[in-house]
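Some structures are shown below for you to check.
What follows is chain A paired twice: with chain B in the first complex and chain C in the second.
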Partner chain A sequence: MNPSAINPVPAPSKLNRWWLKWRFHLNILLLLIPLGFMPRYFADVALFRGDSGLGEREVGDVQVGPWTLKLAEFRNEAPQLDGPAGYMKHFSAALCERCINEVKATYLRIGKPRSLRAAGSLFEGTPHRMIAEVPIPKRATADAELWITLEGWDGSMHQASVPLTQASPATVAWLEQRGAKR
Partner chain B sequence: MNTWTMHNALRGLLLIACAGVGSTVQAHSPFCDCKQINPTQIRCSGGFSDGGDAAGVTLDVIGYDENILLHGQLGSDSSLTFDKPAGEFYVLFDAGPGAVVEVDHLDIGQ
Partner chain C sequence: MSKKSRSKIWFLVHSWLALPIWFFVLIVCVTGTLAVVSQEIVWLANPDVRANPPSDDAQRLGYDQIIAQMKQAQPQLIIESISRHDEEHFALTVGVSYPDGRAIDVYVNPYTGVIQGESPAFNFEQFTRALHGWWLVPFTNGYAWGWYLVSALGLPLLASLVTGLVVYKRFWRGFFKLPRLAQGARIFWGDFHRLAGLWSIWFIAVISITGTWFLIQAILGDNHISISTQAEAPVIAREDVPRAANGQSVDKVGLDQAIRIASQQIPGLEASYIALPETAYALLEIGGRGWYPLMYQSAEINPYTGTIAAAHLLGERSGLEFVTESMRPLHTGDFGGLWIKMIWFFFGLLLSMMVLSGLLIWSKRTAQATLAALKRSAKAERKQAIAAPHLALTQETSEASL
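Let's turn to the complex of A and B:
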């Protein structure tokens, strides 16, 4: 007796036939897609580990009183929106070897600070590689300056400024574009 | 290929798709927004960009001469209402070193 006569096998659906035909190629594609993201992934890993330097764009050494600071843009890009806090820009910095034990805190902000209390964002991390998130003031213009405030363990305070055009051309371009929209 | 195998394949695709949606870094930036609610009063509300409230955070109103005109704290609704001082001043939301927000009186809207 023929078993198929008792329990006939249903014909595969159109989708099933398509899957059977292309499943091998689709699986190869799934393996290939992540490869396209690999260069960006490894660049990010190198950036976050510090293997590619302080940041994507080094600003250079900045003399702040008796101390020196190496400043960099963490990412060479325009400020990013951080919800209700507004637009933020990340900078990274490294203290000079001599000043590591002498500097208590490093602050950064756009515009001259009115006081130490309002010195801006605090750099966090090791003295060899610190990161600060700086808010972009609503009334900031392209000719603004980035102010660095260093507070020493001896109670001293030293300040220096870097023109934003030098510190972050990407931010200046973004500010000019934003200004034109007003 | 039966339906069961196909469902497994679809589950696999879904799993791979979900793996691509990684967790994003959440910042914890402070913010402070001040508005003039009537001709004589200003209300400031604060918080953090990750959704955290700012109840109890210090909010000082400081003159341009650095004299503290009002030393206050945000209430349970993360806001504080105060009388508008005469002259030039700024509001300082102070949640600790490096977590400050400055609002100039020129930036306080209606």
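Let's turn to the complex of A and C:
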């Protein structure tokens, strides 16, 4: 197990000696991995707790009928592939203090929904901080719009849209790149 | 092949399994050992997580009373979940969200409903688990590669156990052989390594098998293969969710009543955690340990009517699930209170010491053998002899030279 001992003819060089002495301690360098990821780890903790805000990139307040909603991109990045479900993008939102008791459900969809039943992904969480996972339609283009549907406890329904260029520049860039490949 | 040279090879295999990665293995063992008692360490360090009764005869409040107290103190908070620790001396952990968009855990006194404090941004329990479990590598798509890196250690650990027992002649006689103190460090650490190894056979088997399961779990998960019998969480149909005139709220079943309903209809269901509905169409989940302490069972309740919409019970689990779902609690020792944790902590320490003692034995012997080989090779250069290296190899690898 000791190459210089098995083949004793060349005299051990300095490098060789260093190698023999330290080869089994080189794995200490593996510690650089968690050290390197530590800033990212704490940034993620702050993001998940909401210490650093609703998401990585705030889109702003959106007026939806009588209510307002604060929208954010959970991560400021392109959609991620989620296995067979396809590409997904996470948005986070908070309802205005006044609407908390009036709004029953909040939906998000790329492209205008045809009806309330097809309003898109349901935001989950609490009105202070809720997250929706939006599938990216295969035929979506860079000029698509993000549609928000709010359903009231009284049965009313209100909609508003935000251009994707405003809601998620990272998704637009990704869509443009995907379009170019086709 | 002779018996002697075969055992020599086993010995070499045993050494090589951990030697090149000894520090990585050591840190994984140490952080795992800390993770076992991380909640207890937090309990000692942070008074907020303790459940001190205001008087000797104080009774724990019901969940509805707890929520009422919390809402009175902080009217704007919204409660997402409540969980009660296995050990009575821990405060309730309540997941809440605030108007500023934060969603965090707060610690609540189970006797008074007083919010004793917020969970700190640095969560020691989560940090040690993240360091131990995936080397802090972020999960971006599926399991983090750090998860694979750590869980793959289950295989060399299992092989170390097997080869260690093969190499140790008549190991069953060694359970009461105390380490020799008077004959120098190498002898002592050799004796220690063997004695600790013998008493840890069961523990190393448990940790390495469950660790290997984590590897399999990641492979299954990343290939979207599921072995779960649990149905997709049902949602409440649109027409079954009541409407309310503007500004008025719909009636919902109280938590205490929901727990009563669930435990009446499902005997043996314990309510150690409650997850409130995440949308207007979602169900309330109540769960806890069943008769088999390593697994949880749960019931999902319609918050508007109080009927049980779904249940995930022990009796419905497959045999395979009993095995796979037991893996995690067996690995962490978190299934039977403080004493089991202390046993896991002790053997975790012992395993860490075995990595260190294994390294000490090897390096002390290797240092000497290398020195000898270097001297000989210097001589050999002059004399052109080639017999010496075989001697060096023998010295390095013989169990008898311990």
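Before moving on, here are some points about what is shown:
Note that the second predicted complex is superposed on the first by the 150 of 182 C-alpha atoms of A that agree within 3 Å, B and C clash if a C-alpha of one lies under 4 Å from a C-alpha of the other, contacts with A are read in each partner's own complex, and residues count from 1 in each chain.
Note that a contact is a pair of C-beta atoms (placed from the backbone, for glycine too) under 8 Å apart; a residue touches a chain by one contact, two chains touch by 3 or more.
Values in this document were obtained by computation on a predicted structure and should not be read as measured data.
In the overlay built on the shared chain, the residue A:Lys138 is in contact with chain B alone; chain C does not reach it. In the superposition on chain A, A:Leu30 makes contact with both chain B and chain C. In the superposition on chain A, A:Ala105 makes contact with both chain B and chain C. Comparing chain C and chain B on the residues of chain A they touch gives the larger count to C.
When the two structures are aligned on the shared chain, A:Leu20 is found in touch with chain B and with chain C.
Legend: residue contacts after superposition of the two complexes on their common chain; A:Pro127 is shown touching chain C, with no touch to chain B.
Shared contact residues of chain A, touching chain B in one structure and chain C in the other: 12, 20, 23, 30, 82-84, 105, 117, 122, 124.
Every residue of chain C that touches chain A in the complex is listed here, in rising order: 12, 16, 19-24, 27, 76, 78, 80, 97-104, 121-123, 126-127, 130-131, 135-138, 140-141, 146, 224, 238, 241, 243-250, 278-282, 359, 362-363, 369-370, 373-374, 376-378, 380-381, 386, 388-389, 392-393, 396-397. Chain B meets chain A in the complex at residues 1, 3, 6, 9, 13, 16, 27, 29-31, 33, 47-50, 62, 66, 90, 92, 94, 97-102, 104, 106-107. Remark: chain A residues 12, 15-16, 19-20, 23, 30, 82-86, 88, 105, 107, 114-115, 117-118, 120-122, 124, 132-133, 135, 138-139 touch chain B in the complex.
Chain A meets chain C in the complex at residues 1-2, 4-9, 11-12, 20, 23-25, 27-28, 30-31, 33-34, 37-38, 40-42, 44-46, 48-51, 53-54, 70, 80-84, 94, 97, 101-102, 104-105, 117, 122-130, 152-155.
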